[in-house]
Structure formats: C-alpha cells, structure tokens
Amino acid sequence: MFDSVLFLLSAILIVVGSLGVLFIKENIMHACVALLTALFGVAGAYAVLGADFLAATQLVVYVGGVVILMLFAVMLTGGGAANENKFGIEKIPAMGNVKTYIIAGVNVLVISLVVIKIMANVMQDYKAVALPAYESTVEKLGTLLVTDHVLAFEVSSILLLGALVGAAVIARPIGSTK
Amino acid sequence: MNEGLISFLSQFDGHKAFVKMISDFAGTDATSTISFFIYLAACLAVVGVMATIGGLGTYAERKISADLQARQGPNRVGPFGLLQMLADGVKMILKEDIIPSAADKPMFIMAPMLCIVGVFGSLAVVPFSSGFILSDLNVGVFYLLGISSLVGVGIFIGGYSSNSKWSMLGGMRGASQIISYEIPVTLSIIAIVVLSGGMSFGTLIGGQGGFPHEWYILHNPFTFIAFFVYFIGALAETNRAPFDLPEAESELVSGYHTEYTGMRFAFFALAEYIEVFVVCGVAAALFFGGWKVPFDLGTGEAFSALPPIIAKNIGQILQLGSFFTKTLLLYYVVIWIRWTLPRLRVDQLMTLCWKYLTPIALFNLIMIAVWAYAFDGKSMFELFTAMGSGSTGGH
Amino acid sequence: MDYTITTVAWIVLLPFFAFVINAFIVKKVPNVAVGISCAAIFGSFLLSGRIFFDFVFGKYSADYHVHKVFNWFDLNGGGQEFVMKMGIYIDNMTAMMLFMVTGVAFLIHIFSTYYMKEDTRYGRFFVYMSLFTSAMLGLVLSDNLISFFIFWELMGFCSYSLIGFYYEKEDAGNANIKAFMTTRIGDVFFLLGILAIYFQVGSFTFVDIYAAISSGMFTDATVTIFGFGLPLALIASLAIFMGTIGKSAQFPLQVWLPDAMMGPTPCSALIHAATMVAAGVYLSLRMFPLYEIHPFMLPFIATIGGITALGAATIALVQTDFKAVLAYSTISQLGYMVLGVGVGAYNAAFMHLITHAIFKACLFLAAGSVIHSLHDHHTHQHVQEMPRMGGLKNKMKFTWFAMWCCTFAIAGVPFFSGFVSKDRILGDALVMAMHNPYYWFPATLGFIGALLTAFYMCRMMFLAFHGEPRDKDLYDHIHEEKFSWNRNLPLLILALFTLGVWFSGSLTGQKLVKVASDKVEWFDTLIVKPKTENFKNYQKQNWGPVDIKSTISFPVSKYDSNHGLSEEEAHHVHSVHSIGAIASIIIAFSGIFIAFMMYIRKSWNPGWWVNTFSTWYRALQNKYYFDDMYIKGIIQKGLIPVNNFLAWVDMGIYDKYAIDGWEKVNRCAFTVSKWFDNIFVDTIAVDGTGASVRAFNVILRTFQSGKIQFYIIMIILVLSSYIWSLA
Amino acid sequence: MNSMYPFLFLSFFMFVIGLGVMIARKNIIAMLLGIELILNASALNFVTYTRFVNQNLDGHIMSLFIIIIAAAEAAVGLAIVIRFFQVRESIHIDDAAQLQA
C-alpha cells in the first residue's frame, strides 16, 4: 500500500513537473522549479523500484547540485529582465511560440509512434517474473563499482574533474587573466 | 528496509495483540494500516517536539547571548521568560502576511515551504534512540544530505522571488555557500562511513560505544580533524555565525528573508533552528556515540529484574537522554560561537572552504581509509591496549 | 688501462656542458655560472690527470697509443665509399697536452675570478672560456684532421669573441676582425692540405696517414697545378704548415697576435700565449712524418721559425706597452718551437711548448695582476705603459717574485725550464748545421734571438719593478699586495713549475719517473717521433672501440742516450750540444747583463742606440711596416682594385645585359600568358567552377543553418524512420 | 507496484516531454532542462528493467553513470551558456547559429 501511494505521488510529481517544464512560458525560474518537482518524483520512483541508493543520489545530485546550478545560470543570464541588448536583440529569454510548439508536437507524435511500436513489442514478449523483496543495494553497488565497472568508475571520475575544470575555465569572465 | 520504530514496537506482546485484535475486527491483515497510523502519530510527535525545540532555540539564543553580554535576556513571560517563544509565536501568527506586489507570488509562497520540507524531511532519519528512529534507512546519512539540500533551494528561491536586491544577494550567497560547504561536510561524513562500513545510523552508532574512548572522534587523529571540518562546514551550511553572510544584518538588512513577515518568516527561522539541531544531532551520532549509554545501560538488560517492557523503556529513555545531552551541548556551542566570533567576508568564506577545508577533508578521507586498511579498523586505544598485551602474545 | 670514448669524452664534454648551461643562466646568476665553469674545468683536470699519470708512469712504449673510433656519418653507396669516423687518439704527447691545458686553464679560471670580478660581463667571460677550453681539449684528443679542424675553427671563434670582449672599444672590434681574418688565410690553406691528403690516402685519421707515409704513398705522388707537376708531399705539407703559420702567428702572418692583446689579460694568457697558439705547433708535431718526406720542407720550416724568433724579439726591444712586450715574446718563442720542428728536434719542440705554456701563462697572469692594480684616477683606465711604472717591487712582492722566475725561465737561465727546452732546440739546430750548412742561417737567428730575449725581458722587469717610480701619483694609489688565493696562488703554482727539474728530471732520481732504466730523461724517453713503420699494418683497418694493446704488444720504453745514432756520431752530437748549452748560458747572462747596465746602473744610455740606429728604431716601432704593407700594399693596391673590377663586371656587364635582357624577353612572354590567363583560366575555369559550386550551395546551405533545433528535428526524423523500419 | 508498464510509460512520458522542450523552447537554459528530463527518463527506464527483468543491478550502475554524466553536462553546459551570454548578451538559441562571436 505504501508502494502504491508513493508511486502515485511520484507519478503525479513527474507528470506535473514535466508538463510544467514544457508549458510554463513566462518565467524560466518557474520552469526550473517544475523540473525540481519532476526530479523529486523520479527519486520517489526510484524508491518504489527498490533503488534506495539511487534515490538518495538523485536527491543529492539534482536537488543539491544541478537545480541550484540551473537557478544560478538563470540569475547570471539576466533572469526575467526585459530590455534590449547591444545587438538590438530582445533580451527576454525566448520561451518559444505557437509555431515551435506545433513543430514540437509533430516531432513528439512521430517519436511517440516509434516508441509505442517498440513498447508494444516489449509488452508482447515480456513474461512476468516473481519480484524479489526489497533489499539494500548499497553493498552490491559498491562491490560492482570497484570490480566489474571499475574502469567506467575511474573514467567517470576523470570526466567529472574535467567538467569541473572546464566549467571553471569556460565561465571565467572575459578579460580576466587569472 | 525499514528498521526503526515499527520493528522496535513489534517486539512487544502488546503491539502484536493489538494488531491481531484490529485484524480480527476488520477481517483483513491490518499490519500495514496500523503501522501507517503509528508512523503518523510518531511523525506528528516528532514535528511537534521539534517545533518546540526550534522555538526553544530562539529562547536559548537570546538567553545565552544575554549571558555572554552580561544582560538579563527575556524574563517577563513565564518563569525565566520561558514562555517568550509562545508570545513570539502568537505575534507571528497574528501579524499581517505581506506579499510584495512586485514579488513572484507562487515562488514567494513556496520558498519557506521548501525550507521546512527539507528540514523536517531530514528528521526522518535522525536517531533519537535505538528504538525511536522514524526510519533507519540503509542510506540514512546520504538521504539526510540530499533532503537537507532542499533548504538551499528554498533560500535561493526566497531570495529571488522577493524581488529585492538585499534578498537577491542573500539568496545567492546562501545557495553558493551551501553547495560549497556541502563538499567538506560530505567528505568528512564519508570518512566516518568508511570506518563504520555502512550509511545507516544504526551501523554508524553501532560501531561506537558509551565511553568517550569508544567514540569515533577519538578513534584516530584524522577523525578528530574530521569532526572539526564537519562542524565548521555544518555551521556554514546552516548559515550560522560566523558564516551568516546570507542574512548579514549589517550588510543585507536581513538577507533572503528581508521581505517576509508573519508565519512565512517564522518558517524560515524555525527551519534554521531545527536544522542546527539536526546537524548537531548528526554530529553527536557520527562522532560522539549518538544514543549510546555507558555500561550498555541503554539495552535495558541491566534492569532485567523489572518486566522487560519497563526495562526496555527505561533503556530507551536513558538513550534519549544521552542523545539529547550531547546534541544540546553542541547546540550550546553553536550559539556560543555565534555570539563570540565576528563574521567572515565572502572571499574569506570561499577561501576557507576551497583552499583549506576541502583539501583537509580529502586528506582525512584518504588517511582514514589507510588507517582502516593498515590497522584493521582498530582505534588508537585498542592499539594501545594491544601493545600492552602484545608481550603476552595477544592478537 | 682501459679507455673508451665514453669515459674519455667527458674531458671535452664537461666544459662544453658548462658552456651550454652557462649560456642560458649567465644573465640571471653570473656567480653560479662562474662556479659551474670552474668546477667543469676542474673535473676535466682530474680526468686528464688520471690519463697523464697512467701514461707517464704506465711503463708503456713511447709509441703506445689508444685509438678508439665511432662512425660519425656513413655515406656509403652508389659505388662511393665515404664513412666519416670520429674518435680519440691518446699517446704520451696527448696525455701531456691534456694535463698541461687543463691545469693551466684551471689556474687561469681561478685567476679570472679575481681579475674579471668587477667587470660587467663577468659571467660571459667564463662562458667563452669554457667553450674555448672544451674546443682545445677536443683538438688535443682528435684522431683525425677533420675533427681537428672543427675544433681549430671553434677556437678561432672563441679567440674572436674574447679579443672583442670589450666591444665598446673600437680598437677591440678592429683587433678581433684582424685576428679572425688573418688566421683565416692560414685556415683555408690548412683545409686545402687536409683535402690533398684525403685524396691520396682516403682517410683523415692520423693513423692512416702514418701508415700511408710508411707504405710510400707520398714518395712519388705528384699534383698538377697549372700544368706543373709538383710533389704532393710538398704541397700538402706547405698547405698544412700554412695553418700553423696562421694560428701560431709565424712570419708573415704574425700581425694579429699583438693586436689580440685588446682582450682581457686572462684570456690573453690562456689563448694568445699558452694554449691556442701552441695548437699550431702541436699540429706540426702531429704531421711531422709528412714534413720529413720532402727535403725542402724542414729547412723552410726552420727558416720561418728562425725569422719569427729573431724578428719578434727585435720588435719587442722597443715596445713600451707591458703586454705588447709579452705578446712579441710569445711570437718569438713560438718561432723557437717552429725552429725546433724545422731542425727535427721533435721532443725539444714539444718540451718548449709545454714549458712555454707554463711560464708564459704565469707571465701574463702576473701582467694582469700588475695592470689590474695600476688604475689611473684621471682617465679611469688601467695603465699598461711601462714608462709610467717603476719601483713596483715594493708594492707587489708575490707578483714580482713569480715574474722573475718566469723571466729567468724565458731568458734561458740554467735550472729554469726555459733553459732546458730552448737549449735543446738550439743544440739540435747546431747539430743540424754541422750536417747541412744551410741550417747555420736559422741557428744563428735563434742564438741572436736568445740574446735579445734575455735582454728585453730583463728590460721589462727592470723598467716595471725596479728603480724609482716614474709616475708618483699612480704609484701612490696602488694598494699593497696582500696574499689572496685567487690572485697570487695561481701565479705561485705556475712559478713553481718554471723550475727545470720538472722537465729534465736530472735532480729527481729514478723514483719519480719509472720509465727509464738508467737515466731519467723522461721527456726524451716518452716523446719520440712517430715511427711510421709501426703503423704500416693498420692502414684502413676497421677501428672499433677495442683497445689495441690487446692485439699489439709494445715494449717498455728505454732511454737511448745515443738517440739511435752510432757511438761516434752520438759523441759528436753530445759535444755539439755541450757547446750549444755553454753558448746559451753565456748569451743569457750577457743579455741580462746588458739590460742591467742600461736600466739599473744606467751606465750605458739606451738613447744613444736609438739615435744612432734611428732608421732601424722607427722600423721596429712600426713593426717592420708589416701592417702598413698589408693594408696599403696588399689590400689597397691589390684586393680593392680586384674587387672593383669584379663589381664592375657584375654591375656593368652581367646585370646590364644578361639580367635586363632576360627581363625584356620575360615581359613579352608575360603579356601573352596574361591574356591567356584572363580569358581561359580566370573567366572560364575559375569563375565557372565557382559559379557552379555556388549554385549547388544554395541547396546545401539550407541544411547548414547553425540552428540547433533544426538539427534536432532532423535527427529525430531520421532516427525515427530508421528505427521504425527496423522494429 | 507489481507491473512494469506504469514505470515505462512514466519514462516514455518524460522522454517525450523533454524532446518537446528541446524543440519548442528557444531558451538555451530551457533546452538544458529538457536534456535533464531526457536523461532522467532513460535512467528511470534502466532501473525499471533492473527491477522487473533481470535483477542484476547493472541497470543501477548505468543509471548512476547517467546521473554522473548529467551532472558534468549541466556544469559544462551552463558554463557555456554563461559564456555565450557574456559574448552575445543573449540566450536565444538562434543567436548561436554563427561560428564566430
């Protein structure tokens, strides 16, 4: 019962958040909060799926890191301020218009057709198995990370370091030499 | 998955009998329903107690600052001014709820909620005693870190949505400070996780004992350093002095909650005080043995003369006392620091985090891992005693 | 002893690395650069010392040598055989040269830390010195003429740099150009000589050349020049000897050396007195078997040496500049060495090379010590003029002492090294004169030169150190000389080695040098002419880094008091030597006596001589008008008209007709091709291609919009259709 | 929850919405939000299959790496956005159609 309630809550958060990301047009800040909602929902879905470590990671990485980073980026790129920049372009962060939404709708339709076709195949082939009880995945994940997937683990650490340095270098203000 | 209150309660016959009775009455298995209601009750209790503690925090802050400044402090409402917080609360509730016209209204409303949600969400894993923990998640500390970072988002959005430059600056400062200091704090916590071999608070506290020499803070020199890194970082994460830059009243009026009034402001204040309590509790659990009581009195086996239910509950109460004593002592230290040290500049704040605490914490993590590998996880005192008995062929 | 190239090469490489390192750091930390230079040369000194003691005390035959080679580059193929090999060649002479060069250079480095201390380019001086020392050591170790020539030119460059060290002075700039150009004349001939030998022998190495000589390759070989068949041996010898003339400042190319005194005094000591100029003599000694072939060659060499010895000595008589006297004495002494080569006094010439290097280095350092102390407070210049000196003995005890030791040595006073070596050269000259009357000419020149040498050296000493101070103001400003390790210690050490005992060995008994059985004449024993027949079997062998001692056993050297002559002949030679020795002693003391009477007692007035022989005096003061002759005669009358003529040919004929005419032809062709280019290439080919590409681009450009979302849409559509067709 | 399909449809929904965001929006930051949605959708899909099909936790590992890559992508992407804003004073995606600033 807990599971079902939690899943329903998560699904509602995901759906509402995703739609918010797509349709909130006035303020990118609100879209960010909508994304936060959706990501929270994904964390809940992870919990329902028994991925306890992933759920906590989702919280730490997205809520604590990515979303705040997004919010920072929004602030640093002018937020919702409305005026013209030096090139005469409107500085309002363009959020799209009817034309783009129609194009997006067509594309989404196309890809939905494809995915639904694939999912139909999957549903045909799927045989239900007995679900295991919930158990802690932390130890197993740790063991897997440093045995089977150790190369990917190390490479990802280098990737993160590169991203850190790269982001710091790229976002440096123009003209600063330090 | 859910070790905690239910598993503790289900040891007792009374619980089983009650479940059986309700199941018979309803005709279906009512275990989970009853668990749900027990949880509900426990959560409400915790929220209530914590809100009280948060309120008492404001009182303690005033009283201690008055002590430090040789003043009287609140002394009119109730004995020793204890009811001052109630008076404040009433004032807050009755105040007009002002939303600035230029504010981003939905987010302005949402910001204090996010703070409160983050803090109360983290209470779910705070180990008050071996039995009274709402949920002993196996990723407990990790979960606590994740959920409490909602506070940062709340502060940021509060600062942004107020549409005021003071609030904006405060919010930006708060968010950057919180995500920066999360790194040394997390690294210090991971160091303890490496030592104990688990992330749930049960494992973390179970590796320690009732006496100081069995605590992780005295486990080896690096954990000793790790505690101070954690504590400094935690002060910065909760925006406490000397890191209270987001709400620096001399620079930013009142920071991110400048524009807030009434209960919304109270939420922010309450969130801050409860978060201080939470980080102090985590510090107590990680470094000071948590709810462990000396001589294993906490298990209640020492009182086996009494009926088990009473014995166990006496043990639980001793554990609660142990935990709260440690936590509140740390709480006192936090307040003491606030009224003693001057505030840092922003660049000093960032320098402290990135140039000192983070490298120290990294070094600590590596050295603790080395220690755990080299000495097989033994603490310094165990090594000393092993050396003492080494001549007789111990080990 | 087991030598390999990698162990021996460090002698050369240490100073060279010091040069490379210092070249980079000298601007920042000159003191460190100086330290590195001194340490490097000291390291070389130790390594050379090992080789020296190994060879001198090693009981090897005089002909024993170590010869190791490696392939430098290999151009074999296409029917041509050309492998350039580099290597080391160590025999007794090399070992002694190494020890002498490194030792003297080290002491001069030490002295330079005193002399150059206040100079603004303190560090740079040591950079050049390191490079120079490295080049000199490389030259000494060379086993073939090509690497010999490379290092020879490298030394020429260092000499150029150091002469022009004070490049602010115009004189210094002129002097270094003069030195460089003058020696270049000799070097061109030297290179020609090397090539002449290569075309006959097919190899550059000394060993192969010796082998070729012994197998008679040079005996009848001729070379045709302008239709005349001339003996190859003579041409090659003359060409190579021209190198010696240039480098060792022999007549008639001696003009550069006095001007080279513009450089700092320590570099004069090292380069223009002790070592580099001796490299010419060293070359002559190495190529001695070649010189012996043609009977014309040795008398010619002896004549050049004699003329140089006497001519330079006469010029030195009238010089008033302190260093100029020493410069001319250097030329004169080099003349003696060449004279020694010319009369076949192989080991005497080499011995004079060594002894001269030591006492002349000491003399120059002492001169540096004097000049450094004499500071004119009006012009802020160092004083070199002897008329302004006098009575310096009281102020500079150590310098005075060291300088007298060297003066005795150079003057040929018994028990000093100069006597030992110069007496032998003159004695051998006398012996040769007994056999061949022609040799009376160079021998006589040599004896007169010896008299003059003793006279002018003592004149210099008396004028500078004795008598009353002639410039009171200058004298009073001199600081009393106190003993200091980097000013006086090198002087005293060098002065110690001006004693003859080190070289003749007659006072030391048999224990010092165990190379001889009965009598210890270690120089005689160790240094003998290369016996070319020993090398006969080696020609064109594939030398590898193997010690040849394992394949050929050399007998232990024995001192042969008869020098391979018959008993009667040897007796004759000994008596002639005795006569020569006595004559030398008399001559030396008479020179000193004349100088004493003129400048101390003042009984004989030098002015009388000047007035009586005023024409000669003017000629001497103008250095026999050699500079004037070169400039006015050869350059202005000869080279400049030729140059003008060539310039006229170039400008007036070639440029005017050939180039301008070709331009007109080209202009016509250009007009035609321009028309073709405009019509066909540009309009049709290039523009047509561009237009067609542009037309096609109109279609393609719509896809390359740069708009990311367009790309995303395209990706989605393409992927969707692909997956749809698969799934 | 005993069925796989709710999760799959949830994931599909997030993916499609993310795609729509990437096409419909002209704001670069909003497009980055869409990318986050797409990445999360795929991560959820992996975890779903782990739970319901093979239970060997490789899907969890995959999701973990997706989260890592998403974090790196967000950091670098937002840095590029900020840089772009410094240069062009705009975060309109069609202003980024030139190779030269």
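Here the chain labels run A, B, C and D in written order, and each chain numbers its own residues starting at 1.
What we mean here is this: a residue touches a chain if its C-beta (ideal position, glycine included) is under 8 Å from a C-beta of that chain, and two chains touch if they have at least 3 such contacts.
All of these numbers come straight from a predicted model, not from anything done at the bench.
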Legend entry - Per Cα centroids, the chain farthest from chain D: C
Legend entry - Between chain A and chain D, centroid-to-centroid distance (C-alpha), Å: 5
Legend entry - Between chain B and chain A, distance of the C-alpha-averaged centres to the nearest whole Å: 29
Legend entry - Cα-centroid distance, chain A relative to chain C, in whole angstrom: 81
Inset, instruction - Would you please write down the residue numbers of chain B that are in contact with two or more other chains? - result: none
Inset, instruction - Would you mind listing the residues of chain C that make contact with two or more other chains? - result: 709, 713, 716
Inset, instruction - Name the residues of chain D that each touch 2 or more other chains. - result: 19, 23, 26, 93
Inset, instruction - Could you list each pair of chains that touch one another? - result: A-B, A-C, A-D, C-D
Inset, instruction - Flag every residue of chain B that touches chain A in the complex, lowest number first. - result: 1, 32-33, 36, 104, 106-107, 110, 137-139, 142-143, 145-147, 149-150, 152-153, 156-157, 160-161, 168, 172, 175-176, 179, 182, 198-199
Inset, instruction - Mind listing the chain A positions that touch chain B in their complex? - result: 1-2, 27, 29-30, 33, 36, 43, 52-53, 55-60, 63-65, 67-68, 71-72, 75, 79, 134-136, 138
Inset, instruction - Mind listing the chain D positions that touch chain C in their complex? - result: 19, 22-23, 26, 31, 93-94, 96-99
Inset, instruction - Spell out the part of chain C that touches chain A in their complex, as residue ranges. - result: 709, 713, 716-717, 720, 723-724, 727
Inset, instruction - Spell out the part of chain A that touches chain C in their complex, as residue ranges. - result: 100, 103, 107, 110-111, 113-114, 117-118, 121
